[in-house]
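Here is the structure we will look at, set down as structure tokens.
Lettered A, B, C and D in written order, each chain numbered from 1.
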Amino acid sequence: MAEGLPVTVTITKVVKESPGVTTVFFDREFESCIGQFVMVWVEGTDEIPMALSYKNAITIQRVGDATTRLVAMKPGEKLGIRGPFGNGFRLHGKILAISGGAGTAPLLRVGLECPDVTFLMGARTADELIFHKMLTEKCDVRVATDDGSAGFHGYVAGLLDEISLDEYDTIVVCGPDPMMRSVLSVLQKRSSLEKSQFSMHRYMKCGVGVCGSCCMDPDGLCVCRDGPIFSGLSLQNSELGKYHRNAAGLKEK
Amino acid sequence: MITLSPEPVMMGGVSARNHLVLAAGVLGTCASSLSRMLRSGAGAVVTKSIGPEPRFGHPGPCLVVLEDGLMNAMGLPNPSKQFQDELSALSGEPVIVSIFGGNPEQFHEVAGWFADKAQAFELNVSCPHASGFGAQIGTNPDIVKACTEAVKEWKKPAWVKLTPNVTDITSIGKAAEEGGADAIVAINTVRAMRISTGMRRPVLGNKYGGLSGKAIFPIAVRCVYELYEACSIPIIGCGGVSCAEDVIEMMMAGAQGVEIGSAIVRDPDIFSHICKDLYAPDGISPREIVGCAHG
Amino acid sequence: MITLSPEPVMMGGVSARNHLVLAAGVLGTCASSLSRMLRSGAGAVVTKSIGPEPRFGHPGPCLVVLEDGLMNAMGLPNPSKQFQDELSALSGEPVIVSIFGGNPEQFHEVAGWFADKAQAFELNVSCPHASGFGAQIGTNPDIVKACTEAVKEWKKPAWVKLTPNVTDITSIGKAAEEGGADAIVAINTVRAMRISTGMRRPVLGNKYGGLSGKAIFPIAVRCVYELYEACSIPIIGCGGVSCAEDVIEMMMAGAQGVEIGSAIVRDPDIFSHICKDLYAPDGISPREIVGCAHG
Amino acid sequence: MAEGLPVTVTITKVVKESPGVTTVFFDREFESCIGQFVMVWVEGTDEIPMALSYKNAITIQRVGDATTRLVAMKPGEKLGIRGPFGNGFRLHGKILAISGGAGTAPLLRVGLECPDVTFLMGARTADELIFHKMLTEKCDVRVATDDGSAGFHGYVAGLLDEISLDEYDTIVVCGPDPMMRSVLSVLQKRSSLEKSQFSMHRYMKCGVGVCGSCCMDPDGLCVCRDGPIFSGLSLQNSELGKYHRNAAGLKEK
């Protein structure tokens, strides 16, 4: 567990990846396993969990106050970083990466750093695809869009039909809860859950397994500490895709 | 080291599986995480503090890990009345519901929601960083007494958890005792602050927070010792307990049992690990050591 | 890290060689040890607290070293009036004489003994473990004000050192300010206890003691921050400072300088080591950062 | 620096060495350099500094409250021990040990553990000599008594006349202040200060160099931390033999 006060970093570069997604680079690399996350302090607003898309960057989808401030930041501005936290992926052999929307960010390093990766990438429309070009240079990328503006017309889970899962040793998944649940169902049907790992998201306040805000039913595991990476097997009977708890601990669909 | 004989434990009206209780606010918002702590060896668990309205808590950062402790300002996030659903899943388990309010009426109301499901209540009159709640009322003996009385109307065991951020903790302990408390829990966190020199701002979103963990253990032992001299109801020690030896030390100061929170960060299995060291078939009876340091 | 430009330092009426002051009671009983600290880089030194009568202090153990701090109950041992001889050897040096008494008259008397030799006085109204002195009077704003006024009759700078063991430290800070204090020193030790489980007794001869060192740094920063919001006289931060970064953090909370005590245990050359890290020819002016965390 | 709360030890054996001196053994050995000391907590009375005469024992001269309780203790009773503290002797080559009274105790291990030691031992009377027999078996012991009841009639410093100091590589000294000052004067005259080390005693409360009660003039060194062993050279212009400070910090002769 990384410790201590937030480390202050200075933003060096801001890259717009898509209309809603921006990558913010800073002046420090964080030694981390792929899949780990950091708590990003946007001073005056909030502190929020973010995957390290690179060792020295986070890739932000704008959704609310903190992310809106983040994507508007300029080189020279400062952020506080706690972490990295969590467990990270166990990656070996031939890898299948499956991402939905901004879920591509936590998997970016899988595509860039691992030798033999097939990357299934979903987004609502073609211009919401992120890291597509970069990943295409490194691995076998297949695309699905909800509106058919690029690649397969439909959800990313649909791309799995053309994939022979037996060929893969590791399957990593990140995206919105419903997308992950549907991928999980497909993998379950095709008996590939054992080699699958899902990167979960829950409301996080502490990041170190003490406050309880990120706990999942039914095992009471902390996404921040026992995760954020969980094997598909362990998620089968979980709340994934059914509900999650908000900042107050109230269940939401 | 001294070991204790594994006996049935009854403290402050609560029948617990051992002397180690999960402290309020730590993995305490869902039934599933509370069950997990019971499975991993907690003798009883205290829930996250539940209040009259749902709260989302303070803006982050809400917690930082220090070398020898934690500092947090969660801001009492809680699902309020809806916590009833979580509790249902825990029926029959040794669960103490922590509650808070801004006045005796609110304490009474919140306790009422859980009166048929909780084994006991713990009154949080001690959180040092939520305005209008916690320590803001817990520094006034009259209000503490009135809140305790209000909760006791539900005829359940009531533990009152005190703040160390007062000139004289015994005056608050005595007020709780007069209000009919079944036990005193000492202590909640110590008011604190750290500043990020890089950001030139306090590191917590709420600026002020509460210090917990090893750093406050000597303060907690002192409070338990002082309260043992001043009050006659049972005391539960809390603050920086992280090993079996600490449990023995708290007991010698006067505690019947202990609550454990921050130590979870270094070791999520802290309860089973402490149990392994603390209990032995040929151990002595806790009665032999509770308060023995008073000579 | 931020570095400061080496400038002449004037804090609370004392002209010091840098921002680092030796805290009261640490190597502060003889002229020779005080000189040694000045030689090794302290910008000024505070003496052991001197009172109206010689005292031999509490029975031992008087101090234990903890993982993250110290706990002591020395019991204000001091040579009283005879300390004049020691002071003579330090004339011209930046020496602040710490004094204590049981009432304003005693403060006045003791200060009088040193009025021609001290650069300034520090009023110890905060020692948590000497009955009739220290925190026993330092929790009452009226007495603190009266003691400050009594010492100010000698027309010397007067620093008032506060105890954190109160519900509201700002009320005491304001009382000192009203009494004419030139600066507030925050904080003295935090009331604490440890028990030896082997001996089944509190480890300190006086049972209760004061916690200092790293463990209390977040409490000290909080107190400085609170006082900075409430008072307008300079504040000297004290409690757990052990590196240059801590000095910067204290300054951002609102301190003009810091006192250092317990860190001597890990590093007797702490002053020169901190100076090396803290000052640089191209450093910024302290004015730029004192209180900057208040935004 | 050893740390932490006092370690509780149980007394295993009590040996009377002389009418006023008793050795108390306990159930634990403290790894220590010869010359280091511990703080001994006699519960209910006080905590006082004591040399480790053995790794698991202290040898006590009865002088006041705490020492009176100590010498009356029985096997099975408990003590609290903090330490070992201080610096210890640097021992090499041919060693000359010079002790006065109970000052023999801190030097006992020198005589027992070092290969080539001459031991000059002073006491008021023959029956106040301690460890005499034991040391005689290990090294060349010469005795002086104030009343002439054993050995040389006079102070131990007088024994130095018969010693050729050039033969020795290390000279270690422990005893009452006046005795140590007179030995220091002799060594100074005979140009042997450089190889001498004195074990100092001052009032001690903390043992770790913070409270200031054991500081010596003129350098402000702490006997507990910078000492208790000091080279004779560094003591030449010190307060040794002139005065010391008591518990209140008042100078006493």
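Please note the rule applied: contacts are C-beta pairs under 8 Å (C-beta built on N, C-alpha and C of every residue); 3 or more make two chains touch, one makes a residue touch a chain.
Chain identities (UniProt): A, D = Dihydroorotate dehydrogenase electron transfer subunit; B, C = Dihydroorotate dehydrogenase.
Since we're looking at a predicted model, the values are computed, not measured.
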Chain A to chain C, mean C-alpha position gap in Å, rounds to 50
Taking each chain's mean CA coordinate, chain A and chain D are separated, in whole Å, by 68
Hey, how far is the Cα centre of chain A from the one of chain B, in Å? 36
Among the residues of chain C, pick out those that touch two or more other chains and give their numbers. 66-67, 194, 197, 201
So which bits of chain D are touching at least two other chains? none
Which word fits how the chains touch one another: line, ring, star, complete or other? line
All chain pairs that touch each other: A-B, B-C, C-D
Which residues, counting only chain B, touch chain A once they are in their complex? 25-37, 48, 54-57, 59-67, 70, 72, 74, 77-80, 82-83, 85, 194, 196-199, 201, 203, 205, 261-262, 264-266, 268
For chain C, which residues are in contact with chain B within the complex? 1-2, 66-69, 71, 139, 165-167, 190-195, 197, 200-202, 207-208, 211, 214-219, 221-222, 225, 245, 248-249, 252-253, 289, 292-293, 295
For the complex, give me every residue of chain A touching chain B. 1, 3-8, 39, 41, 43-48, 78, 80, 82, 205-213, 215-222, 225, 245-251
